[in-house]
Structure formats: C-alpha cells, structure tokens
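Here it is, the structure in full.
Chain nomenclature is as follows: A, B, C, D, E and F, assigned in order of appearance, with residue numbering initiated at 1 for each chain independently.
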Amino acid sequence: MALIIIKKSPTENISKRMIEMAIEGDTILFVQDGVLHAIDETTKDLIKNAVSVFVLKEDLEARGYSEDMSLFPCVNYDGWIELIEKNEKIIS
Amino acid sequence: MALIIIKKSPTENISKRMIEMAIEGDTILFVQDGVLHAIDETTKDLIKNAVSVFVLKEDLEARGYSEDMSLFPCVNYDGWIELIEKNEKIIS
Amino acid sequence: MKKVLFVVYQSPAGSIWVNEALRSAFGMYGEDLEPAILFMEDAVIAVNKNTHPESLGCLSLSMSFKYLERYGTPVYILKEDLEKRKIKEEDIEPAWKAKIITKEELSSFVHSFDKVIIF
Amino acid sequence: MKKVLFVVYQSPAGSIWVNEALRSAFGMYGEDLEPAILFMEDAVIAVNKNTHPESLGCLSLSMSFKYLERYGTPVYILKEDLEKRKIKEEDIEPAWKAKIITKEELSSFVHSFDKVIIF
Amino acid sequence: MHIVIQLNVPPYTYEDLDTAIHLAEAALRKGHKVSIFLFADSVLSVNSKVKPMRVDRNIPQRMQELSEKGVEIHICGLCAEYRGISSDNTVQGPKFSGVPEMASLIFNADRYVNLMP
Amino acid sequence: MHIVIQLNVPPYTYEDLDTAIHLAEAALRKGHKVSIFLFADSVLSVNSKVKPMRVDRNIPQRMQELSEKGVEIHICGLCAEYRGISSDNTVQGPKFSGVPEMASLIFNADRYVNLMP
C-alpha cells in the first residue's frame, strides 16, 4: 500500500507513468497541474482496479473547476495530511 | 518561411505541437533534448512536405548518438547561426 | 508595424508564465510593435473566468487581465485545447473579444506574425 | 534496513537531475539505508557509455559513475525506455551489473522499496 | 508524526513552495512535527534579498514564519553555493545542511514527501 | 547582423545558458553583434556570488567574459528583484533593464531567438 502523489500535467509523460505505478490498495492523489487528470476521461483507462484516487480541492478550484466536474473525490490539505498519515510508503 | 527551434523532448506535448506549426518552406532545428525527435521514427509522420529539418550535432552527440543514427542532417553552432541569418522569422 | 505573437502553453496556476508573457506583450506598445497573445495547451486554463491562482496564495492574473482590456491586446485561444480542458466559450471574459482558432489554422496563424515568442 | 529508490526521468545532458539523484543516493550510506537507482524515460540516456554532457561544457557524469561503481549501488533501467531511445545493452557499462526491468514489472518493483523519491 | 517535505524547483516560477507552505501548516495544525528540505533551485526560497511586488506574497518571509512555528528548514549547502546563497542572505531560521541530513531525515522521520522537479 | 538571445530558465539546472554561450560565441566569430536578454530565473546566471565546484564551469564568469567580448547583456529588473539579484551581486558588464528594452531589442534587432521555458 502506497500513496502516489502526482503533480504533473497530463501533457507530460511522466504523470501517466506514475499512474501506472499504482497497484491494488494504493492511493493516488492529484495535486497542482496533476488535477487536470481529474477532468480528462482517458485517465480512468489508466487506473487499475482497487486503486483509490483523490484530487486536491484547492488546486482543482484554483484552475477554475468545481468539485462536481472532477472524476474523483476531492480532499483538502487536511485530507492530504490524513493520506500521508495512513501511508508509510510514499511515491512522489 | 520561418525557422522553428525545438528544444523540448518528445516526452513533452509542446514539442509535437511546435513540429505541427511548420509549413512548406520552413526549417525545423532540433536542439537540446529536442534532438531526441531525430532518433524517433514517429517524428517523420509529423513533418509536412517541403519542410527542412536539421539537428544540432553537439546536442545529439552529447546524448550518446552519432550523426548516422539521426533521421535528419546535422548542423553545428556555425550552421545554427547560418539558419538564423537565412530566416528573419523565428518561432521559438 | 511589426507584429509580435506571445504564445503561452503552461498552466497559469502552476507557473508564472501567463503573467510574464502578458507583461512582456504590454511592453511592446512602447515601440512601434503590435503584440498579440495565443493561449494553448494548459495555458488555456487562464482564460476561464473561474480560474483564481490567488486562492492558492499565488499572484493573481487580474492585474494582467485589466491591462489586457485597457490596451485591447488581441487574444487568440486554441479550440481543441479549450475543449480538452472542458472550458466553454461562455467561461471566457467577453470584454476580450477573444478569437478561437482551430488546430488546423494554427500553423498559418503563427506565420502571420513577424516574431513568435513562446513562454 | 530501509530501502530507498531514487528514480530519475529527465535527460542527463539537458538537466542536472541524474547527478543530483546519484549524489543523494550515495548520501544514504551514512545511515542504515540501502539506496538504489532507477533510470526511466529520457534519463536512460545517462546509461549510454557514449553520453558526454561535458562535451557541451556541462558537468560530467563521470564522478557520479565512479562512486556508483565504488559503492556498488544497484542500478535498474526500464527496458522499453532504452529501446525507444535506441540504446543497446552493450552500450551500458558492464561494471554496474545493471538490471533491466520491463514496464510490466515496474509497479511491483517500485513497491519493493520503503521510500521512492522521483527526481 | 514527523513529516518531511523535500522541494526542488524555484519559488514564484512554480507552485511548489506555496504547496509546501500550505501542507506544512496543515500538518502543524494536526500536531505533527514538520521539516522542509530545500534542494536544487528551491534554496532560493529563503533568500532574504528577494523583493516581490507589493501585491504578491513574500515567500522568504513565509519561510521564516514557518521556522518560527517550529518547522525545521534545511538548505542543501552545495545547492546554495551554486545559487549564490550563504548565511549573509538567508532569512532567520533555516540551517545549512546537505545530503547526510537528507539521509538522516529519510531514516528517522515517519514520512518523506518529495515534490519532484 | 544584430542577433538577440532571450533566456528564461535557471543556469546549471538546465542547459540553456550553455547553449546560449556557445551560440553567442559562434555569432561573434561570424562578426555579428549579439545581445542576451535574461528573463525570469535566467537572471541567476550573472550572480557573482555563485560558487560552482572546481570541476564545473563558472557560468557567471563566462557571462562576464562574453560581455567583455562585446555582448550586451540585459537583466530584467523585476525578475532580478524577485530573485535577490541587484548591482551588489552581479558580475561586471550586464545592465539592469526590463520589458521596454525587450521591446526595443525586438523592434531594432535583426533576429530574436528565444529559448523557451
């Protein structure tokens, strides 16, 4: 079980490669320009079964998107800290 | 007629978008990590007819490739200056 | 009169480039130069009225946009990039009179300028 | 013994990250930590013996690679990224005993480490 | 819990410093110990000579405030030398360290969050 | 011919300063006039306090040498203030200017080469 923090936009290959690193039980958190994955349907095809996905609300909203436009549930900074607390292994 | 200087790796979308900006009579010069386009066959599909393509030899060789591995002819820094002299319009 | 196109392609909340490109464009009015702005790739996020980098504590876009309106600097936006990022035409500030261009028009569009500077 | 993986993905001639990741990895030996390096994406260019950033006047990779051999730090390289960039196995320094892993193995591989730091 | 945040890119140009400041504050509110490791161009974020526009945030000042709230801020010494940063031009609080301290943080802290370049 | 090179990213971290130095030298060899416009993080390339390792190149010194060879080096003033750069810590030669000078270079020079961020 790991927390994978993705900060890069879908326009950069590495962000997709990081999505592919997830395995069952992992959590992906999209932050910064990584939140753009959350408004792009093709992201769903990259995400394996039983991987939880969250989006940093502050970064999503700063880019003009409301929570209901996101394909994945949002967390705020407190929620990010909770994800850090829960996952000893962090890939970032 | 324009000179389009592309410095970004194929892993970044913008580099492909810049290749697509070329029209007949233009010259594309790949420099820095842009030279990686010159060892990738898929680059040829993006390049329109009657567009000249060159690769900065120094940047290609520094990344471990010899001139004969490049899909396009090489120029050195002096050749880059010549391309600048020839093209009043530069897209970079 | 030389025409200068400033192209921005990076996200306006994750980076300074939209503000820096606009600031550079406005500087052109000090000479006999005619600037224009093209938003493409992630930079199209900047044209969404709901975008607010200042909510992250970052520098706002509002000062740059105020000058954009005051000077009437021509604004161009790439259609496919807007669509991919789910930005609708009504999300764009009408006062800019922004022109939406397609991917197909892009190459001839950039060639209609004397200088093209990509940020 | 905690295992720490340093992942590099950017080109070694266009950027400092390969040198910086290796320098960080070697620092791990000061604690009870076991570092390893994974080269992926454009960073695989660094493992090609013919790569010489110093020919551009940039900082050489040779100092980092000398320590890599001295410490015997495990080196992993992504197969598909090597192939895409036309780097053959014989182009890689044999003294490193580099292990080539496939894209399919990547996710379980990164999960075999306690910490994963991407440069 | 002891949470470390490593940064790598320059302040202002990219969002990472802002992200780290918000994240550190959230961690402090929850009672965690926070350390920040400044690597590569992120060392510019503690430069006391930085003069942002009045309408903009003052990141070095925010870093000093974090330090006053108990956040340990480490500056990679070699990275600092490459960027003209020394004790003459850093805000109060952050201390010069290096890769050995990075190793010690990775070994001893409970969590290590890197914001990649 | 008057050729301008605009830079935007930090020295050492990326290759742009090295590219620009080689390109400027090639242009000088061919008898061209060269100007360099330092924008955003590239202003760090003229910081006189930079101390690279001995085995590495000294970019600020290389910039001073270019200036001595007649290359006009412009520093964007606002960019400099954001990065703690002032006349106290720049090598000899480069001068502080700004967007008006960028416009003047775009208007007057024969060629304008930007190395994008």
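We take it that a contact is a pair of C-beta atoms (placed from the backbone, for glycine too) under 8 Å apart; a residue touches a chain by one contact, two chains touch by 3 or more.
These numbers were taken from a predicted model, which means no experiment stands behind them.
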Each chain counted as touching chain B and chain F at once: C, D
Maximum centroid distance from chain F, chain identifier (CA atoms): A
Separation of chain A from chain E, taking each centre as the mean of its C-alpha atoms, in whole Å: 23
Whole-Å separation of chain centres (CA-atom averages), chain A against chain F: 39
Per-residue overlap in chain B, given as positions that touch at least 2 other chains: 11, 13-14, 32, 58-59, 88, 90, 92
Residues of chain D touching at least two other chains: 13-16, 41, 56, 58, 115, 117-118
Multi-chain contact sites of chain F, meaning residues that touch two or more partners: 12-13, 15, 19, 22, 40, 53, 112, 114, 116
Chain-to-chain touches, reported pairwise for every pair that qualifies: A-B, A-C, A-D, A-E, B-C, B-D, B-F, C-E, C-F, D-E, D-F, E-F
In the complex with chain B, residue positions of chain D that touch it: 11-14, 41-42, 45, 48-53, 55-56, 58, 84-87, 91
Complex interface listing, chain E residues touching chain F: 10, 12-13, 40-41, 44, 47-53, 78, 81-86, 89
Complex interface listing, chain F residues touching chain B: 1, 3, 15-16, 19, 22-23, 25-27, 29-30, 32, 110-116
Chain A residues touching chain C - in the complex, by the definition given at the top: 9, 11, 32-33, 36, 39-40, 58-59, 61-66, 69
In the complex with chain D, residue positions of chain A that touch it: 2, 13-14, 17-18, 20-23, 88-92
